[in-house]
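Residue numbering begins at 1 within each chain, and the chains themselves are lettered A, B, C and D in the order written.
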Amino acid sequence: MIKPNTLVMLVSEKDKTYFRVVKEEGSLNTNEGMIEYRQILESNFGQQISTHLGKTFYLLKPTLYDLVKSVKRKTQIIYPKEIGYILLKLDIGPGKKVIEAGTGSGALTTALAFMVGEEGKVYSYEKRENFSQLAQENLKRANLQHRVEFFNQDIAEGFLQQDVDALFLDVRTPWDYLEHIFKAVKPGAPLGFLLPTTNQVITLLTHLENGPFYPPEVVEILLRRYKPVPERFRPQDQMVAHTGFLVFSRYIEKK
Amino acid sequence: MIKPNTLVMLVSEKDKTYFRVVKEEGSLNTNEGMIEYRQILESNFGQQISTHLGKTFYLLKPTLYDLVKSVKRKTQIIYPKEIGYILLKLDIGPGKKVIEAGTGSGALTTALAFMVGEEGKVYSYEKRENFSQLAQENLKRANLQHRVEFFNQDIAEGFLQQDVDALFLDVRTPWDYLEHIFKAVKPGAPLGFLLPTTNQVITLLTHLENGPFYPPEVVEILLRRYKPVPERFRPQDQMVAHTGFLVFSRYIEKK
Amino acid sequence: MIKPNTLVMLVSEKDKTYFRVVKEEGSLNTNEGMIEYRQILESNFGQQISTHLGKTFYLLKPTLYDLVKSVKRKTQIIYPKEIGYILLKLDIGPGKKVIEAGTGSGALTTALAFMVGEEGKVYSYEKRENFSQLAQENLKRANLQHRVEFFNQDIAEGFLQQDVDALFLDVRTPWDYLEHIFKAVKPGAPLGFLLPTTNQVITLLTHLENGPFYPPEVVEILLRRYKPVPERFRPQDQMVAHTGFLVFSRYIEKK
Amino acid sequence: MIKPNTLVMLVSEKDKTYFRVVKEEGSLNTNEGMIEYRQILESNFGQQISTHLGKTFYLLKPTLYDLVKSVKRKTQIIYPKEIGYILLKLDIGPGKKVIEAGTGSGALTTALAFMVGEEGKVYSYEKRENFSQLAQENLKRANLQHRVEFFNQDIAEGFLQQDVDALFLDVRTPWDYLEHIFKAVKPGAPLGFLLPTTNQVITLLTHLENGPFYPPEVVEILLRRYKPVPERFRPQDQMVAHTGFLVFSRYIEKK
């Protein structure tokens, strides 16, 4: 049985997806008919529910992938294909403390908060107040807001933390903030950057070369989807060709 | 100060990497000179160490990415680009219980064990004893072995667990084991599969269509590396073109 | 000076493109204003022309690329990225005789006719009359129709030619026509196939293995476009992810 | 029957390829045995020939693809995947006159000479004499040398032709020669450039913006090979990830 105030995902056979925090009263209205919240509370995840028009919906617990893809957004978000790789490169896991800037709509924030667990902490900086607000709503929806400290301020003033385990910058001119990084992270801490243009990568690489940084890695991650039809198995016609370049390095103490 | 029996990573300026569990006595011998373990124990992560020939090495704590890439292997391993995406799709995080088969060399096992934390558990099946042994050594090296239960047995006999949160199959004929999945996972649990050939994907899709499964997603993930030289920024000449197709679905209860 | 009845291409600064066979009288009407055909006839290729609203258009001779991209279409066309590679693999050049089926909208037909020159010949089969008609109009527009013989008939009856230099099949079940190929082409002739699904490629490969064919090559060609903005140089956001698989082989005589 | 002094291609069942200009006397010696030239002259293309050890070779007329791939090289060559696209964008076909620089090993030169036919002409510039010599040998081997005029000189001095139909530059700093282009090509002529690094593309785009040039197109072409095994159809493990960026534009007369 699903408890009230749980975030659920309902997917129709036509692959239309709805996310709802289920209350004791109310209903979900779709083009394929209506589902009473009471029906949902009396069901379990992994079951099928019928609308009043007899259409079938799958009742599912959103995965981290679903949470990230469904954040309400006013910005370009970081996609799961990049987020997964970032987690491994930045060594994010239970108990870790990590800084990110800017928060944006909170897609990466959601994944970081999910992975650091109750013992870890995410420090998320965003100078534009409306984005910071939006991200906080997204984290609240996912019930992960208590693992994040939001800072609605410019990182030009530096970071308020010390000795964090990792740091990720998704900002336009990350090279402007390199000196603040040293004060905020543990020596050897993994660092990540997302940049949409080659010009930005070139500028960042130039600054990283001045050290003290570990030789950087620059990658792009491409996701190719296939039509899941066994009789006509083939790639989809269109794909996302570019979200950004990922740059990874680590802060090294001078000798 | 680094404690004895810690796994450390030493990287030369020529990008040659060494992993060692540092003991109180002993040394690392490289083409660029020798480093005493005592030197390492007296240093901190993020520092630079000199060999007796005066060559510089970076002393680093391995990230999850480093752990995965450095597993001793007798099999093809699952790469970080796939592992990251699998974590998000399978909703792996602190406290989760997850089944995987086959264990192989333990690359994915390492990442799963890292992410489920002290409260979670990984159940890893492998019928070939030498691989199971190798994986256990790799997990021990990463100090994650206590989060994994290894089963050196064929999954044709089914899984010993019930109500696990997620399941991943990296086996040659996953369609042979679909009936066992229902008994092992929670309803709605996310499921993942890795398959190298289109023929296998076609066969799996045919079986999944018979249900009761959520409409599957089939993707490929491509990683493109760039030479990190700011004056001549360009993609690398060669790339890994194919590791496998990832298939994701979820177990849905029949009406 | 441009002669009447010439095919010209006019491109606005907003990158809107118009193709017209210019007559002695008449005009081109665009959202950015009107251009009299007389203006065009008094200009030369490579010049700029103004509409009556003062907007600039480039007057250009269409390249083969432009011709192919602008064929009027009722079918999926073969793209320039594939056509170029097909030309090299099939050894198409001045004087060559080549069979293709089906004609479709005539995109590949246009390229083949362009390349074989006045001494060569293209034999193009298409069983659906409306497509054959459309292709003939497209070839006429490009003034290449006299280099092509169109056959509005099913290739299940075989081909009418013998000793042609090369053959290309863009049909749904090419394996049904392999026996007809031997009678139509020179021994050793290069053969090409375009197939959208992996299932079709698998079936074709199975038939080719039965011989007598040269070991096949299977490739996919991906085109990645970049935004040509020097200050923000980056790949475009979306790309065509799949048009089809190209299979190449050669007919080998049995011993 | 094959005439003496013909270039032939012999491919073993193990996919080992040999190119030879067959003389009246002599032989081809391979690891799989010896084939007398007389045997070849008494055979036809598309036939199978046995070595004195009984191993089978396919006797084939090299296609343009084969010619390009087999040029003797001292430089990076332009690959067929790029060459095909260049031909369409530059409108190369029978009768066309085209300039290229640098000649390099002559791979693109071969394709251009093949396509312009007996009526066309290729003007190929290369300042390094050893490359120019090598390219001439490659063109001679393909019996296409009479369609090419080689210029062993620096294009800093400009081009000697006027009113050519198209021009391609594969040089390190193409922006240094833009002013020479105007004098050499017809107005509206298509222009192409190959550049390995993003920095070079950025610099070229900056110069092209100063005009008078048609808005440029920047693309990359990726070729993905598949293992042609019907029971295990899958992409190859490794691929060429980058050869260069292609930039296309057209020379437009100032108003």
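Criterion: a contact is a pair of C-beta atoms (placed from the backbone, for glycine too) under 8 Å apart; a residue touches a chain by one contact, two chains touch by 3 or more.
Being a predicted model, the structure only gives us computed values, none of them experimental.
What chains do subunit A and subunit B have as common neighbours?
Chains that touch both subunit A and subunit B, as defined above, are C, D.
Could you tell me which chains make contact with subunit A and subunit D both?
Neighbours common to subunit A and subunit D are B, C.
Kindly point out which of A-D, B-D or C-D repeats the A-B interface, defined as over half of the contact pairs being the same residue numbers.
C-D
Across the interfaces B-C and A-C, which one involves more C-beta pairs in contact?
A-C
Could you grab the centroid distance between subunit A and subunit C? Build each centroid from C-alpha atoms only and quote it in angstrom.
Between these chains, centre-to-centre, one finds 44 Å.
Where the CA atoms of subunit B average out and where those of subunit C average out, how many Å apart are those spots?
Whole-Å distance between the two chain centres: 46.
Mind checking the centre-to-centre distance between subunit C and subunit D? Centres are C-alpha means, answer in whole Å.
Spacing between the chain centres: roughly 21 Å.
On subunit D, where are the residues touching two or more other chains?
Each of 198-199, 202, 224-225, 233 in subunit D touches at least two other chains.
Report the residues of subunit D in contact with subunit A in the complex, numbered from low to high.
Result: residues 198-199, 202 of subunit D touch subunit A.
Would you mind writing out the residues of subunit B in touch with subunit D in their complex?
196-199, 224-225, 231-242
Help me check something: in the complex, which residues belonging to subunit A touch subunit B?
Per the stated touch rule, the residues are 11, 15, 44-48, 56, 58-61, 63-65, 68, 80-81, 83-95, 111, 114-115, 117-118, 186-190, 198, 201-203, 205-206, 209, 214-230, 233, 245, 247, 250-255.
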